[in-house]
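Data first, discussion second: the structure below is written as structure tokens.
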Amino acid sequence: MRFFSDNAAAAHPRVIEAIAASNRLDTAYDGDGWSQQLDGVFSELFETEVRALWVTTGTAANCLALAALCPPYGAILCHKDAHIENDEAGAPGFFTGGAKLMLLDGPGAKVAPDAVAAACDRIRKDVHQVQPAALSITNATEYGLAYRSGEVAALGRLAKERGLNFHMDGARLANALVTTGESLADMTWRAGVDALSFGFVKNGGLNAEALIMFRTELADEIAVRRKRAGHLASKGRMLAAQILALLDEDLWLDNARAANAAAQILAQAAPARLAFPVEANEVFLKVTAEESANLRGLGFDFYEWGPGEIRLVTSWDQRGEDVERLASAIARL
Amino acid sequence: MRFFSDNAAAAHPRVIEAIAASNRLDTAYDGDGWSQQLDGVFSELFETEVRALWVTTGTAANCLALAALCPPYGAILCHKDAHIENDEAGAPGFFTGGAKLMLLDGPGAKVAPDAVAAACDRIRKDVHQVQPAALSITNATEYGLAYRSGEVAALGRLAKERGLNFHMDGARLANALVTTGESLADMTWRAGVDALSFGFVKNGGLNAEALIMFRTELADEIAVRRKRAGHLASKGRMLAAQILALLDEDLWLDNARAANAAAQILAQAAPARLAFPVEANEVFLKVTAEESANLRGLGFDFYEWGPGEIRLVTSWDQRGEDVERLASAIARL
Amino acid sequence: MRFFSDNAAAAHPRVIEAIAASNRLDTAYDGDGWSQQLDGVFSELFETEVRALWVTTGTAANCLALAALCPPYGAILCHKDAHIENDEAGAPGFFTGGAKLMLLDGPGAKVAPDAVAAACDRIRKDVHQVQPAALSITNATEYGLAYRSGEVAALGRLAKERGLNFHMDGARLANALVTTGESLADMTWRAGVDALSFGFVKNGGLNAEALIMFRTELADEIAVRRKRAGHLASKGRMLAAQILALLDEDLWLDNARAANAAAQILAQAAPARLAFPVEANEVFLKVTAEESANLRGLGFDFYEWGPGEIRLVTSWDQRGEDVERLASAIARL
Amino acid sequence: MRFFSDNAAAAHPRVIEAIAASNRLDTAYDGDGWSQQLDGVFSELFETEVRALWVTTGTAANCLALAALCPPYGAILCHKDAHIENDEAGAPGFFTGGAKLMLLDGPGAKVAPDAVAAACDRIRKDVHQVQPAALSITNATEYGLAYRSGEVAALGRLAKERGLNFHMDGARLANALVTTGESLADMTWRAGVDALSFGFVKNGGLNAEALIMFRTELADEIAVRRKRAGHLASKGRMLAAQILALLDEDLWLDNARAANAAAQILAQAAPARLAFPVEANEVFLKVTAEESANLRGLGFDFYEWGPGEIRLVTSWDQRGEDVERLASAIARL
């Protein structure tokens, strides 16, 4: 019974069907009928004109965006627990040509405007110090907290004032939207976001993510960088098709709802043990080493987050009975 | 009737089936049961111990290998018509951190030892000139010529003498093997190749290529570079599964044979028009603009290679009747 | 008797005096009184507002300019014999983050508009091929030819049409100006040049070159890149002071005149042996191996340019008697 | 009366004389008679065989070393107040091709073995996290503390255990040696240091620093990187000559002694106000904004380090009377 990572879950059957259905000769790269729909479909979804490119990993989505938003000699402000800092093998440095991550603190991996302002103020405006050029936040955060659109908008205003481009890592954006009930538009471009890594792989996709440019003039450069990074798949239709399948009839939102609901069941089993409020599909629990071993002994798999803490992640396809069993086990600890 | 590119062809049905069959929860990234088989399966295939990593594009395979084989301040010798020079958006410069491609000439995009030696000799041994550090060849070449293992071995010996690491871009290696009847081992590591981009996408795969390291000590570094370049898919089992499906019962060789056979039919329709011998699945024909328009008028799609020349590429799934029709049309020109 | 390179000549005594005179406490980096004069002095010299930064080598000047004029994913058009291609250890790739040099041919290392246009036309406008973004020429060329301002202007117009930024490597610009009698303004910004590496080291300087930005908005970025490349000397006054000393009373032009005059004496000794017209301070002579050995035997030092060719370079301080002796020796061959 | 930075001080007259004396034709780059002495002179000084290269800035020395000691995909451990983190415009990212600085804490900008071990332990040994590859310390530190050779040796042993290459930024190494009375050998290679940025510019030099490789096999690569970064001056003799002048008769130690002595006078004027022990030529004083203004009103110039703290830096040529006046003024605060 796996609560290890949504990364490892199966793809939704409709995604596999879409891949199979798209398996026929068409124009290579992104000239095919599926890829060519993305700009239109996402523009409708976001209620504004956007450009959308498929990529195959979240790391690629994040770092292609950051390379367009930050020069090699600039800095990207992000939380010290951000995925781009901790889990991408230095990909931001690679894609940008050596830009620096400037780390912010804050509870639950959430970035607050004060922290951004303070970091900018610490930097002398001279050529000796790397100047902040971009801000990147993750929504939902790496600890499963969801930004509200008002919070994002406050960061967006500050970014504009300070001359920072604004990127959102939305690997689990669907989970945040389901929790907050906010619209895609409010959560992103209306709040000042310039580019979004729109995650599908953790949410029922197989290997396709979307990179959304609200500043559409960035798209041509990013398309070149995508090819240059070896990310322009020749049979790109299989990537576009799975994204379209997930968007169809809001399957992506259904998937996120299912994962979030499972997380809520776990959260309610032991509210006093929660390290953070549960606003997405991740549950961080305070447990002793013995308790952790106990849960493993019962057949549950999960991530040891550190001494005295475990991370449980639920997926769109988490079996209800497994969730119930784990909730009971937690309650009994 | 498409003779435009093998890049655009459908994947083989057994590949799609393998992806569907692998669509269940397993360890993320390359910890799953499929990915874990690759080292063993390829070691058997190559009759020596190798390390094998999946990647999603040929550009990624080539450039991850080159980044491990050439320092940022070195040069990679390759043909002026090589894919890495002309069709990868400068990816070698990106992955290596600024290494230089040093271009060689030679008929049919084939690299001869003399050209390699002459290029090395032209470079002064000082810090002002970029020193050659690697050699990269494409087999079959961009013009559809197949190296024989003896030719590769001659280059391999020279590379060793000159201190050059040796990479082979095998996007169409299957086609070359089928034509020459040589073994994988003879064509690669026994001939001195250090790393091979083993192509599957042009040969019935969907989006998986294999990067084979004959110098196994390179694999750990390349695995890090793969992640850093955003190429470590979280559900990597879908990539490994399709490679395993193509290797199973030599499907990859059957596919290459089918594509090559179709190319031969076209070649024999007008031997006098051939710009190069046809040794893989590419046919370069000398035709006038009028003749080219004529063929298009009959419903055939292909690439205008330049004034007076067209490129026809056949795929594993090219329909026999289309091939016959095109052959007749060519013969009638 | 050295005719090996103007790189190795002594600095002019007034340069050494200026360094000594500037050796007192002042603001560090380029905040001192000498450095602060550069923008004004060069603006007057060029008859337009420019920004001017000192750097310590021509390679740094060239490559800092190119990094601002060409994105990492672009190409720089230059002659195949250009210094940036042959003698800078791949520095353009390093400073730009992997941009590509796209090589042009043409007699005497001179770039003609036709060659530029043809190179651009060869590139497909897609994401697979690296798109030209900049043009770099050397004046005087690596073979000692001087562009006329009309020639530069023709390239400048073409660059503008094709969307190329335009850089001039002026390591020997003084020599070209002296020969052509043209003005700095006509030869550079009025002809469409965006940034100029203005050489002093080969012309009586010790270790200071100037980087001139005619598009003044580039200067702030280049100033950051200069620091980031470790080129912001803390006692920069010694660099500014020597440039000011060379500009004072046109010492730089006097130096170039002296070097050019010496070259003319050599050229006239054997006009039939000249590989190129002599329009700067470099003389390329066709001589046999035996003749070359003969000259060496007489105590002359020079560069063997290749089989059957030698390069003689004169400096601002070449002794008249040495020049006469070499001219006689050449005439006697 | 300047106590702002040792960066801005005049060069020692013997340095200027040496530059003037070296101003004659010799082999270009580092083939001249002065440059060719460096390996030997430094080998004697360090009591072991070393390779030594001149460069023109401390940033270049540090980052050329780091580029050879850390791969693009690795991390360099350093103090969060290190010069390479705060004052080099991201040069480590540029020279290494995107390596990451992993920041350590510790009083007085000093790195302790525990902090290094803890940072290493925090990193999972997988491809998702950037792995530490090098350690860099500054001696004397950015707050003017001197490591003892035993402290360096403890770090050196740990570095070896953890597989970290070890770099020392010795911009003020002379000051540390004078304070501690330790030998160059004990403080560096005997303590496990692989490469040293040996500072001269802050200590009476004009624009020459030395990069010392104790692992001599690194030197050829670094020499190439130096050229590629535009740091191979063509009249390098002026750089070598000034280093030789400073080494001659231990002028470099005399200079450091003078600067340290001046700092001690300031320190003793108000021991209770010292933010850190004074072990080099930097004095950090706790003063109110009013007191700071008071000192400025008396004609003293210095750096406001932050609220309630100022930095006073003394140079080799600080005038005794200025020092006495400032000491009195501080005592009177």
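To keep things simple, chains are lettered A, B, C and D as they appear, and every chain counts its residues starting from 1.
Basically, a residue touches a chain if its C-beta (ideal position, glycine included) is under 8 Å from a C-beta of that chain, and two chains touch if they have at least 3 such contacts.
Predicted model, so just to flag it, every value in this text is computed and none were measured.
The fewest steps needed to get from chain B to chain C, moving only between touching chains, is 1.
Centroid analysis (C-alpha atoms only) places D farthest from chain B. C-beta contact counts were set side by side for B-D and A-D; A-D has more. Centre-to-centre separation of chain B and chain D, using mean CA positions: 50 Å.
Between the Cα centres of chain C and chain D there is a gap of 34 Å.
Here the CA centre of chain A is 42 Å from the CA centre of chain D. Multi-chain contact residues of chain A, defined as those touching 2 or more other chains: 72-73, 88-90, 94, 97-98, 127-128, 224, 227-228, 232.
On the chain C side of its complex with chain B, the touching residues are 72-73, 75, 86-90, 93-94, 96-101, 127-130. Taken in their complex, chain C has these residues touching chain A: 71-73, 97-98, 127-128, 131, 221, 223-228, 232. Against chain B, in their complex, chain A makes its touches with residues 2, 4-5, 7-11, 13, 16, 19-20, 23-29, 55-57, 59-61, 63-64, 88-91, 94-95, 201-202, 206-207, 224, 227-235, 238-239, 315, 317.
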